[in-house]
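You will see two complexes here that share chain A, one where it goes with chain B and one where it goes with chain C.
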Partner chain A sequence: MDLFLNLVASGLVIGSIYGIIAIAFAVIFKTTGVLNFAQGEVMMLVAYVSWSLGTELSLSFPVLVIVSIGVAALIGIIVERLFIRPMIGQPIFAIVMVTIGLAVMLRSLIVIFWGADAEPFNAAIEGGLVEIGPVVLFTEQLFAIILFFAIMTAVFLFFRFTRIGIAMRATAMDETAALLMGVDVRRISALAWAIAAVVSGLAGITFAIMFSRAPDLWFQGLRAFPATILGGLDSPLGSGFGGLIIGVIGDLSEGYIGQGLKEISGFIVIIIVLMVRPYGLFGEKELERV
Partner chain B sequence: MKISKLGALCALAISTALSPAMAEEGITDTEIVIGNILPMTSSAALVGRAAHFGSVVAAAEANADGGVNGRQVVIRTEDDGYVPARTVQGLRKHIDEGVFGLIGTGAGAGTAAILPILEEEGIPAIVSFSPLQAAVDPIKPTVFMIGASYQDLLFAQLKYIHENHNPDNAKYGVIRQDDDFGKQVEEAFTRAVDAFEVDAADPIRYKRGQKDFGAEILKVRSNGVNVLIAGGVTTEIPTMLKESSKFKLPLQVATVPTSTLPPIMKLSAPYGYSYYSGDYISPMGSEGTAHFMEVAKASLSEDELKALNRYAVTGYVATRMMIEAIRRCGDNPTRACAVEKLESGEEFDTAGVTLPLTFAKDRHISATAVRVLEVDPVAGSVTPVTDFAQY
Partner chain C sequence: MLTLTNVQIMYDRAIEAVRDVSLTVDGGRIVALLGSNGAGKSTLLKAISNVLYPEEGEVLHGEIALDGRNLLTMSADAIVASGIVQVPEGRRLFPLMTVEENLTMGGFLKSRGDVSADLDRVYAMFPRLKERRNSTAGYLSGGEQQMAAIGRALLARPKLLMLDEPSLGLAPQIIDQIFETIVALNRDEEMSILLVEQNASLALQIAHYGYIVENGRVVLDGPAERIAGNEDVKEFYLGFSEAGARKNYREVKHYKRRKRWLS
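Entry: the complex of A and B
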């Protein structure tokens, strides 16, 4: 039982990170129909900037988080304005290719500016141990789980109850109708990119605190992508839960079976789920009138 | 007139045929190109960039002395991003653009992937970045290697632990990457378990790029492992130590040489573990690397100097050997001649980094003696606990 509970906890920790990144993927896809393959790199850029702010300015952790949220939103808006907005009206495939190019560019720029070495991300939340029965977690690991549920709640409330959130949902359902109803679709797109940058950025900061600030941080974006597929590309909340499912199944399969199943098990689940629900666990079936 | 033109053409054809240097790839009247394929980006950039700068230092040293028989040495490095498929692409690009010999051959899996091409193309190569037993066993005609294999580096540490710090009810375990590098790590583990007849848990494998080791360390804990090979490449090592510290696991830990790099020690420091490592060269900062550092300071920028670590030293030694082999071939060096000089049994001076090194026709490996090191990441110290010995 001790092993089982600790494996579940360990899976929840990494699953929370995947889940948060998956939410970022889904927010952009739901609003703009674009798969942002630079999400991991945007996450990494926010984490690096935050690390520099924390190191150079010695900001307290809460202040650092607030400043980082502002920086992340700005990064999201700049990326959208410079790289995505000029592509409006172009085939989705072309926009996706732009995001791939952006990913490569960001990776290189980060190594040029910050170098290739890994560095610890020291923060006040790090290093303590929390014991919940037989389960032992570092404080930053517990923080990751709490952050996940906080973001899930915030995303739910935002899309459900705020005017902008509802406008984003309307844009996702029918862009032309939303435009006719007075929704500024361009601003909605910028907002989606900003939200995704903030959400994934927070995941990046937490991940860097748990492990290190290193130039391969972007890879977590790739690892989180299956969670988005599992949960449903157009469902931010579903994608979040997809991350948790992949994290927990991965750690349980590694703990009890091994043989590198940690990486494979998530994909096995995805194949099975997609065979039954091709639009993901929580995604909406697309109906087309002919 | 016609006859004289024909004569001139014949003379040109004959002189071209008799001048092998002109026909050789990667060499002109003024330049010799030595190539690297290294991870200049990715998590392994920490070691790849250092190895590249090691080559640059060796080339700068040779060029400052007037080059190799009048030719300047040019280092061209391709980034493989720590992806074996890109190591192959890097080699193809080098071949297309012309390269005389190769030093950096990618990481273990990358080296394994390009071995058949090196053999087919007859490119002299000195594997030094990531020693791989398969590179020289069986012998490949043009491939040489400096440095002990990971099997030997890890086995030496396990032997030291077994003889000096073996815990009661010792149980050995290994967490290793799921590739050629990891295979060597597991071979060291299996060899030690067989040799010492100790109890062992099943090897735990992880996919390249994995950063979280919660489940793996929980397995180590539930299996009662107390002697562990933490078979990470770079940042995986501190992560394994971190998860182990969560449960205060009493572990004797063996690692690969990357664990002695300052960034990895810095990341490992908070978790309370001293661990072992192994190496076949003098550590940075020691008397053995003094000459290397002197040349490096003269040929690299301040930022580049910061990137140096032990992998720069191995890159330097290998490139220095390749340059010397070419120099010994005289005015018209060929790949075949460089290979002949390398395996001649003559000594190659490494400027004090190691004792002079030699290869032979039946031994394409050198610098295989290993010294076990105790690493205290809190103190930032790397202390030899054994002399160099063959394992």
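Entry: the complex of A and C
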């Protein structure tokens, strides 16, 4: 039982990271229809910049988080402006190819700038162990879970109640109709990229604190991908929960069945789920009125 | 207030949808834009709202101006802010959002206070919408959707309201209600209306002035009564035919008149 609970807990921790990255995927896909294959790399870039800020300026953790949010939003806006805005009106597939190119480019740029070595991310939260019943977690692991639920709540409130959030949903449903309501659709796209960069960047920072700041951080983006598919590409909240599910199943299968299953269990789950619900667990089925 | 001068619109730089159209909507008037399918009516409305570009459409020649301000260089949101609001063809509600969220979107550029005041106003105008305010818009009936679409446009506080075939696919009773609303908006709030319709007799009943568009050109314009009295309009649009006496020649005559009409 203790093993089970600890596996679930560690699954929730990594699942929270996947979930947050998956939210970022879904926010961009939902509002612009683009699957951003460079999300993991954007996340890594934010984590690296944040690491440098943390080490050079020795900021306290809360200040570092706030500064990183600003930096991430800026990175998102710049990337959208340079690589996505010029592609507006081109086929979606072409835009997706651009994000793949962007991914490779960012990976190399990061190695050129910061080198290929891993470094510990020390500007961290006060270290230590937290015991919850039989479950033992590091503070930063608990932080990952709290961050996940905080971001989920924020995303829910944003899309449900703020005017700009509702406008983003409207743009996703019918771009021309949104234009006719006076929504500046280009700003919506920039905003989606900024939100995704902030959200995934926070996941990247947390992951780097838990492990290290290393040039293979982008791989977490790929790991989070099944979570988005599972939860529904057009559902940020669903994608978030998809992350938790993939994380927990990954750790449980590794713990009970065997080494190496962690990597593939997520993909096995999505294949099975997609056979039953092709639009994901929480995705929106095209609404048809007869 | 709104003037179009010699407007030419092409799709994809290949298909000419509108050729050399000039029209005017004077303040406080209802102007009907009539014509059959594919005549270019909706294209004109999209050009006025500057939302042609997602469909690769482009205004190549001519001018579109509101009180002297060139609309062609303004973005879609600036045009909405200037007071030109469109109820698009087929309603185009946001299907997965509630009625109230849809209405709120209409007031995207307005202040919070304006939005809540206008929501009450729209609910008073269409009590049915108030009952269904929390329903998913995609599940409303056609008539309710049209009310919601008009309500949504009203939240943008239009000076000029453009409606693209508001009668499409609706029951006669609902159509009457929608048209009464249009007349009331024009009469009580002095809102200018540009009404695109295929149902010519209905539109000419409420309009002050009418334009008939065919193959991307204005073929006839004038005060609504004069248009409704025109023999050709009667036959081709209002469904009065000269059945009876000269049956044998009818086809030939129809063809000739049609030809003259189009040239």
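Basically, the second predicted complex is superposed on the first by the 283 of 290 C-alpha atoms of A that agree within 3 Å, B and C clash if a C-alpha of one lies under 4 Å from a C-alpha of the other, contacts with A are read in each partner's own complex, and residues count from 1 in each chain.
Quick note on the criterion: a residue touches a chain if its C-beta (ideal position, glycine included) is under 8 Å from a C-beta of that chain, and two chains touch if they have at least 3 such contacts.
All of these numbers come straight from a predicted model, not from anything done at the bench.
Chemist: Could you look at A:G182 and tell me whether it touches chain B, chain C, both or neither (first, second, both, neither)?
Modeler: In the superposition, A:G182 contacts chain C only.
Chemist: Contacts for A:L7 in the overlay, against chain B (first) and chain C (second): which applies, first, second, both or neither?
Modeler: first
Chemist: In the superposed arrangement, which partner chain does A:D174 touch: chain B (first), chain C (second), both, or neither?
Modeler: Second partner only, chain C.
Chemist: Which partner does A:G255 reach: the first (chain B), the second (chain C), both, or neither?
Modeler: After superposition on chain A, A:G255 lies in contact with chain B alone.
Chemist: Given the superposition on chain A, which partner contacts more residues in chain A: chain B or chain C?
Modeler: With both complexes superposed on chain A, more residues of chain A are touched by B.
Chemist: Looking at the overlay, what does A:A214 touch: chain B (first), chain C (second), both, or neither?
Modeler: Touch status of A:A214: first partner only.
Chemist: Show me the residue ranges of chain C that touch chain A in the complex, using the header's touch definition.
Modeler: Per the touch definition, chain C meets chain A at residues 49, 51, 53-54, 75-77, 80-81, 85-86, 88, 92-97, 101, 104-106, 108-109, 136, 138-139, 152, 156.
Chemist: Within the complex, which stretch of chain A touches chain B?
Modeler: Spelled out, the residues of chain A in touch with chain B are 3, 6-7, 10-11, 13-14, 107-108, 111, 115-120, 127, 129, 136-138, 207, 211-212, 214-216, 219-220, 223, 250-252, 254-255, 258-260, 262-263.
Chemist: Looking at the complex, which residues from chain A come into contact with chain C?
Modeler: 89, 163, 166-167, 169-170, 173-184, 284, 287, 289
Chemist: Taking the complex as given, what residues does chain B use to touch chain A?
Modeler: 40-43, 45-46, 48-49, 178, 202, 204-207, 209-212, 214-216, 218-219, 222, 234-235, 238-239, 242, 246-247, 263-264, 266-267, 270, 306-307
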